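Naming follows writing order (A, B and C), and every chain is counted from residue 1.
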Amino acid sequence: MSQQEALSNAWQNWFRFSRNPTAVIGAIIVITSVSLALLAPNITTFPEHVGAVVDFRNRHQPPSAVHWFGTDNVGRDIFTRVIFGLRVSLLLAVVVLGIAIPVGVILGLLAGYFGGWVEIVIMRITDIALAIPPLVMALAVAAVLTPSLTNSMLAIALLWWTWHTRLIYSLTRQLRSQEFVEASETLGASKAHILFREILPNCVSAIAVKTSLDAGFVILIGAALSFLGLGIQPPTPDLGTMVASGASFLPDYWWESVLPGCAILFVALGFNLLGDGLRDMFDVEDVR
Amino acid sequence: MEFLGFLVRRLLWSLLVLFGLSIVIFTIARIVPGDPARMALGPTASAEQVADLQEKLGLNKPMVEQYGLFLTGLTQGELGRSLLTEQSVNSDIRKTFPATLELVISTILFAFVLGVPLGVAAARWKDRWPDTLVRAIAIFSAVLPAFFLALLLQILAGYVLNILPTTGRLPASMSFDADITGLILIDSLLRGRFDVMGEAARHLLLPTLALGLATMGQIARITRASMIDVSRQDYIEAARAFGVPDRLRMFKYMLRPAFVPPLTITGLEFASLIGNAFVVELIFSWPGMASYGIRAIVQKDLNAIMGVVMVSGAFFVFVNLMIDVLVGVVDPRVRIRGSRT
Amino acid sequence: MNTVQIFGTIDPAKISDYTDYMAAVNLYDGLVTVDGSGNLVPQLAESWVVSDDASEVTFTLRADATFSDGSKVEASDVVYSFERLLRINQGPANLFAGVVEPGNVVAVDARTVSFTLSKTFAPFMATVPALMIVNEEVVEANLGDDDGQTYLSANVAGSGAYLLDSWDRGSRMIIKRDPNYYGEMPESAIDEVRWIVTNDEATVRALAASGELTMSSQFQSPDTYAALVDMGRFRLVSQPTATAFYLKLNSQLAPTDDVHIRRAIAYATDFETIRDVIFPGEPMTTVLPEAFADFHAGDVEGPSYNLEMAAAEVAQSAYAGQQIPLTLGYVAGALFEEEISLLMQANLESLGFVITQQPDPWNRVTEIASQVETTPNVNQIFFGPTYPSPDSMFFTQYHSDAAGTWASMEWLQDPEVDALIDAARATGDVAEQAELYKQVQRNLAEQMVSVPLLAQTVQHAMDNCLEGFNAVPMQSFDYDFARYSWTCM
């Protein structure tokens, strides 16, 4: 593929992408969330409120010009804490997927390409793991360990790879009998070359769609764990925890749980729309 | 005959999955820091008592043998004793499961009864406002955290508007022993207690909505997609050409084949539904297995946690088995292709 | 009413915390009970005689006392209940262990039972209400292999004014009035009590709005109380209590093993904010609430909020000049405790401490309190007298024999304090006791193992028609609903 062709290909992709409103909205939300999270210390008005700061005279203040999202039960700025809470949520998604995707992809490639007993062992284990409701399993694992961010990451990652294994397995099965793969085999290319240079690149679009959709769901599961008190511990800001503790003050001080809740909805929605849009764009209908 | 073979294969596979699940649960139970015997006896136990119980529980035997014991117990429905309630986990789960079952059944009914018509409507008026609305519902419901939705419903309907009850299955002033099926709604009907039935239905409403919205959205989305897909098939085009009326065409020839994907998605969605039941039951003080599980989790009641996870997993496997059979009935081609997974 | 913790057990040989007693006092009767002033009043026993040397107490049972199954309450049931309690050795057993040996409770005849004490133990009479009488025949018939523990964890075999109707562990407990109760009940007594377990403020409000709530728990947030009062149906009932709220400092674990660190923590505590904004209460100067007026050491100047003094104390400690790790434990889900913990963290961090917050559910707190290493440095604990005597406040919390429970998370091992408490137990002379207890208070103020935060002002939102709440200085005897009445008809 010449450079010019690649360029026009990229341009075509971009064109299709920009014509897909869900994808664009999703991308904007994701980019906004990520940059807010990255720039958190610089753009928030009370960065010191992420820690143990108490200001009881200013507790339960409604949203105002000073406190955009109001203040919580000890007088901390909720906007600041929501933005820092985004960091925790995104970090969770990055770490979980950072573990789950490589593991899942490699197992999927191996099972799909080699077949035989490799396939049987890997895919049976995958199917069993897929039969366990993920939130239930995450709850059980998080429960027996001490509640912390690392442990809830671990609890979620423990099952998440299976979805990627399943996806890459079925793609590899299809690609294995394609001409270009068979051609490489005849030319005596190494197995690693075929797996990672020939097959994997053809799975990238499917992985991208899956990753984007997954990021939203991982964030939701993480939020549910911390809502139940099994996630990161106070005073570190976390969106699920904020919803839980703000719930005590509903409906009078609604902002204390509704706004963090909306923040979870916002990020999860962003990743979901982006994934949806990418799916239409790459035309990989069966990725869910 | 062919259908029977399919059933047997599917059943064997389910058993294998349950076996795998038991290994996973056993492993988790054993990697927990701390001695299960000491935890079971509490802080006042003497070293002798702990040693006795270790012996009794077989904790000093090799792992494989311990797993054998665990599995034997499991097949006999023996899940050990709960630290929390001091009763056997088995009887605790038996007591709490009907409440969860009632909630889950009503959630799935709700999701289907609303989701399918919404999906059909969206397909019928594709790219018009009903379609846009249904797609928006599907997208939002998928990413709206169940606990957040439950809280909002509780506050809005239960407190601000004060129109629906927000805790438990019945008002505290009403006592009813659901001793036939365990499902209050059905037992009260059988016993002719319509006052109880009315209250039970009112209490079910909010938890069902909180738990079912996501599933409903997915069912609507898939129904829409599959209706559109089917409508492009040759035989539908042919029916149209032959002048079969719109409505008849829609319901007789399209809905039945279009029904398979929503069924299948329910099976997959069921995993997150069970997971979400844990938070929803907690928020609405629903006295079911999931809220029992949450309490067990918070108190680190190991036997109860393992029991609840095992039963949740088995429930999930069972529902998917049922759905596969149902799909096999609706769409005979599946029987030949074999299992869905 | 709603309650915030789940009922742990209803077995009278195992009840230990506030919520357990709440159910037990309604389901079971003791020989005697306690009124709002801390005086003993007859219940199953109509009278009792204490021998001159205080070593023997003889109770005479009411002739008409019956269990809920109709059988008579006899002296043998008292003996059985007592011996079962000591055999199981949990719950209130520690009150009697070493004071009355098994075998020294004797049924003289069907209506007379005598307790012989192994040593002089001044607070003995005050501990008697904690002995709840079980029906020997019923327990024997359901003995199992664990002394009837399985049976009594789900069933009641007692003589209380109320019968267990249903108990949905973790969500609700319903008790109904026993129409054949032998004792006296107020006119228009309460027929049915339903406890709904929830610590969610929104649920409490929703229950109040739907008319299902008659009385709130004592742990609601000020906003919830205000919202309930605004509904018009409720009034706020506040009463001072003998229940103290402490920061218990683990004196065996670094860095709170250093007295200067402990004093620094006391100086870093913003008492006024805690009392005025976070949790209502009266100031407390020593570890003993002023409700025990005769025993309170008035000369001790209580701790105060002073960050400069706190810094000075840190500088004197063995940990001066370094980052000092410190764990703050509190009960998970209790919002006011989280607020206090954050307030402590904010102040302590400014002094160079590195703080870890450790919220644990209550059942876990009782577990981590059993070992020095797992007990956090700082613990927020409520402790009220488990029997109406100052001995309850001192022995259970500070005697080295009582170590290893949630009430003694200080892990105090001080022979001097032990000796003073033992001496007070051994004397019948109240003035002498008072002097000994004052010395203990001075000693503890010096060591600062517990920072006295406040004496709780108990608050309930109660329906305007409900009367009868009177704070009792013993566990949750104030939730004995046989004392309540409904004034509207």
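Miscellaneous remarks
Everything below uses one rule, namely that a contact is a pair of C-beta atoms (placed from the backbone, for glycine too) under 8 Å apart; a residue touches a chain by one contact, two chains touch by 3 or more.
Everything quoted here is computed from the prediction, not taken from an experiment.
More C-beta pairs touch across the A-B interface than across any other pair of chains.
Comparing chain C-alpha centroids with the centroid of the full set of protein C-alpha atoms picks out B as the closest. With centres computed as the average of Cα coordinates, no chain lies farther from subunit C than A. Chain centres here are Cα means. That of subunit B falls 41 Å from that of subunit C. Separating the centre of subunit A from that of subunit C, both taken as means of CA atoms, is a distance of 47 Å.
Separating the CA-averaged centres of subunit A and subunit B is a span of 24 Å. Chain contacts: subunit B has residues 151, 155, 159, 298, 300 touching two or more partner chains.
Shared contact sites, meaning residues of subunit C that touch two or more other chains, fall at 200, 202, 332. Across the assembly, subunit A contributes residues 229, 247, 250-251 that each touch 2 or more other chains. The touching residues of subunit A, when paired with subunit B in their complex, are 22, 124-125, 127-137, 139-145, 216, 220-221, 223-224, 227-230, 240, 243-244, 247, 250-251, 254, 257-258, 261, 264-265, 268-269, 272-273, 276, 288. Those residues of subunit B that touch subunit A in the complex are listed here as 16-17, 20-21, 24-25, 28-29, 31-32, 139-140, 142-148, 151-152, 155, 159-160, 268, 270-272, 274-276, 278-279, 282, 293-294, 296-298, 300, 302, 305-306, 308-309, 312-313, 316-317, 320, 341.
Residues 42-44, 84-87, 151, 154-155, 158-159, 162, 165-168, 171-173, 175, 283, 285, 287, 291-292, 295, 298-300 of subunit B are the ones touching subunit C in the complex. The touching residues of subunit A, when paired with subunit C in their complex, are 51-54, 56, 59, 73-74, 229, 233-235, 245, 247-253. Only residues 200-202, 221, 223, 227, 273, 277-278, 332-333, 335, 338-339, 341-343, 345-346, 349, 355, 357-359 of subunit C touch subunit A when the two sit together in their complex.
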